[in-house]
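Labels A, B and C are assigned to the chains in the order they are written; within every chain, residues are numbered from 1.
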Amino acid sequence: MSETPVEDHEVRFDEASPVTGASRIEAAYTAEDHGQASVAKSGSTGQVFTQTYLPWTGTLNPRWARNWAVYRHHMLGLVRSGHRPWPILIRVYLVLVLIGSVGDIFPVLLGSLFGEGLGQVFMVSRDSLYAHVLGFFPRNVLYYPVVTALIVGTMISEDRLNGTSALYFSRPITRFDYVAMKYLAAASILFILCVFTLLVYYTVEVLAMGRGWSWIVDTFPLLLGAVAAGMLLVVTYTSLGLAMSSVSTNGFFPAIGLLALILGSKSVAFLVALIFEQDALYLLSPYDALANVGQALVGTESNYELPWTWSLVSVVVMNVLSLYLLANRVASMEVTRE
Amino acid sequence: MMPDLGQVGPAAEPVVQPVPEKLPAVVFDQVGKTYGRIHALSQINLAISGGVTGILGLNGAGKSTLFNLLMGRCKPTTGQVRLFGIDPWQDPTPYGRVGFVPESEKLHDWMTSFDFVTTFARLHGFTRDEAKVEAERVLDFVNLKEVMHTPIGRYSKGMRQRVKIAHALVNDPDLIVLDEPLTGCDPLARTTIMNVVRELGRMGRTVLVSSHILGEIERITEQIVLLHRGQVLALGNVHGIREQLDRIPHRILIHCSEGKRLAKAVIDMEHVHGVMIPSEGVVDILTHDLGAVHQHLPSVLIEGGFKVTRIENPDDDLESVIGHLVGGGGR
Amino acid sequence: MGSSTKAWSGLDRKATAVAEFTLRQYRTRLSTWVVLASCVVALGTVLLFYIDAMNDTVESVDNDGDGLFDEDGPDFPSSVDATSTTFGYDDDGDCRESDRPDGAKDTNNNGVVCDAILRQNWFGGSAILWDNDVDEDPNEEYFVEEATHRAFLLGYGKLGIVFLLGIFLPLFLATGLIRGEMTSETMHFLLAKPIARGEVLLYRMLGYLTLVWPASAAVVVLSALVTGFAAPGEGVFRFEDLGIWLAILLATWLALLVYGMLFMTLGVMWKYGIVLAIPFAAWEFGMAFLSMGLPSSPLLRVSVIGWCLAIIDAATALSWSDQEAFIAYTTDYAVWSHTVVAPGESLGFLTSQAPFEISATGNIAVAILVLLFQAGVIWIIGQSLFKGKEIA
């Protein structure tokens, strides 16, 4: 056993070193402290270690690249293994909904083959653009709310259950980024199913029916209105869903909760409007509020007696409350498994 | 069979085969279990009854699979499992005589241990009052009586293990199966649990204990089943198994200040066929007959006046046993 | 000693043990309370609207211009007996005292002058055929309140209670009955006992039913009390509606049973079995509306909620034998030309014919049998799946 004294700034850890209470802590990196160097001080009894962290000697990717990795992990997991494992049943359902969502392009294609008369009802018009995004059955009963429910069901709660959120939070990614990327992933999926298919529908009509520029100029504002309504729907459903997902650790409680919220509030509002002719509860139902705003945006006939501005306020309030809840929950979320 | 209404005539001959007095508690008959392409277990032939038996093996050897088959959590791909003569997969009746202490730490954290043991005791057919009495008895046995009205969520790991053991003992079982009971326990809890297991074995129950930490099994029992890669590698008494491996010499390690002189003195002893000096002050004696060498060694040491600080038999424990059997030398 | 217990014996002790355990597990979970509270809040809000509506006064209108108000109460026939039963009275004498020939006074061709008859529509429901100039001056207060009350009972019962409670309570509470235990690795405490796997399913179900059946009964009883006392009509309490409430309770209980079995079994089948349960719930939502819009659709015969709502429809025919005539009267344009929405519109939408052309009790019996059969089939499937499940 060698007894060579050890210099303060030179700490060795081989077998021969005496046990002095000195240590050196090297950690890879952190996001927040902009790469300060760190060396541990050797302590005698009664002294507390000051620990600071060494920066990783490699180059840290810019923040957007790290976030892109998280986003990509969620999106690629749908189609490839080696990324976030979406259950096979969810993937199947997404495919089915995708097929259902583009259901209105087939009559257009048929109509282009056999003349306008056949597929007239499915041609682009205010009503059909509105219906693509905010039609009640089946899109807003079977497709979009259910898809949102299934996607956000385990987005955050599964991470907490499996302890993988600890993996995220020990990496240079802030909690805001973590949530934002999950939000973006869920919203992207909904976007593809709802708004992207709308654009496809419009494009197919233009190409298949040989619509000219004047037609496009005429209908483009309608398309924009529908896209805006669709974006509003995507954002609202995602906010509500993720807010629920951040509240509960139980497996699919958020999914059922979202479905219950959307369909349940719709049922109750419908009931009250039908029997008592009072439309007030439509403000509390996310679907109806969105539909009211959507009807105003696209310019179709409104079947609500409420002014659409009130519904817009309601939608905004729902979003703000959900995002606030989400931000709060994630900021205070403990990442231990227990 | 018609009842004999006339009640006349001689007594009928018993047609039932006499059941053997003592059915082995656990029988594995040519059992194999495959998951896809992985052979978790193959060709397991075991009959276990009475006393404490240790099921040993490295991680992945198949110990948990063995217990899962026994407890009806999965079905054997080939062969038959019999618990008190009954196939547990088909008929859960034998579980009335079995207590199972699972490996997983998950318990119902919101229940108190008293509630937990009572509730699941009632599944054995106890009434509420009977269950309460029995629960108190077993919780006392595992030293949890003072805390039995506290929720399990507040228990330490050792206490949780003891709750699981209490739950397994509440129906006074004839067979107790413990899957890695000592994992994660602090030394005090380990001693308590080991004492409990030894006590159960002494009371005549059949106890199966599995572990991959060989030292702890050694302290509980001498009867082991050694599993490796899904097959039974060895079966029986630890020492007996070791004795059988005569091809591989036993080693005696002696720590002494005068290593070279000791080596010279020892090499002339009978039954010693090799001496090594791995490092200064350590003499490694190789022999085929441990008992004989140990008989003569003290006189050699005293005659030579050697100052011996330590004598070890590094091979005569389970790590070496496995090491030898699995391939390669001992420690 | 307990060690003599076999599978499927000592049922009462094992059943009560597991059921009690299940109830206590529910009690400790926040989600149970959130769900029950949300349901109570949602339904309570709707009840408040009802109470508010019942306290509103309805203005009387002199429909036939004879200077009197509301001469006509519910004097339409209580059964639809096509051509023979007549009603309606020409209060102001426009028809009777006119000098048209008799043939012109009997435009509905039933042999009686100046009256009205009830005629069944080919697409379901009935309509009124008036003789010319027979004006009605309906008692607005009576008809509007009665129509609202009946519509409320049906809508609230069908959508609010049978659908919302019947689907969402099982979705929240029944899916985790088995799958929850498997996920939290505590299943073996239930299984490594002398208890058959089928028993475990049954007793867990029992625990779940012990929670949801009384909870839904409490909601139904409370609603029945509120609507019974606040309802229009003479008398302090409206006893005629009790039949409907009983039917609602029965339909809800059966819905809770069948959906509970189904979702529990989906949980047994796959780890993510609930992924199937969610679209199914949305689909049943669509079916609920279909049952009101197009009650004869054969699709309803394979859904669960279709049969549950059929029980209510059959009970409606029993309790309110004049329902069809009432709807025909309260949706008649001639009578209600002065209002924006005829009072019977919503009631007409919410009322459906029972599925079969047999008596009402017959329909109820068939529906109960079908639902119990569905529950039984699901249980058999669930039990055999669970028996074959490894490392449960």
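By our rule, contacts are C-beta pairs under 8 Å (C-beta built on N, C-alpha and C of every residue); 3 or more make two chains touch, one makes a residue touch a chain.
Keep in mind that this is a model prediction, so the values were computed, not measured.
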{"item": "Centroid comparison with chain B (C-alpha atoms), farthest chain", "value": "C"}
{"item": "Centre-most chain [mean C-alpha coordinates]", "value": "A"}
{"item": "Chain centre separation in whole Å, for chain C relative to chain B (CA means)", "value": "61"}
{"item": "Between chain C and chain A, distance of the C-alpha-averaged centres to the nearest whole Å", "value": "37"}
{"item": "Geometric centre distance via CA averages, chain B-chain A, whole Å", "value": "51"}
{"item": "Chain C-touching residues of chain A, taken from the complex the two chains share", "value": "87, 89-90, 93, 137-138, 141-142, 145-146, 149-150, 248, 250-253, 255-256, 259-260, 263-265, 267-268, 270-272, 274-278, 281"}
{"item": "Chain B - residues contacting chain C, complex", "value": "68, 71-75, 91-98, 100, 102, 104, 106-108, 110-111, 115, 119-127, 130, 167, 171-173"}
{"item": "In the complex, chain C residues that touch chain A", "value": "29, 31, 38, 42, 45-46, 49-50, 52-53, 148, 151-152, 155-156, 159-160, 163-164, 168, 171-172, 175-176, 179-180, 183, 270-272, 274-276, 278-279, 281-283, 285-286, 289, 341, 346, 349-350"}
{"item": "Interface residues, chain C side, partner chain B - complex", "value": "1-7, 9-10, 13-14, 16-18, 20-21, 24-25, 28, 184-186, 188-197, 390-392"}
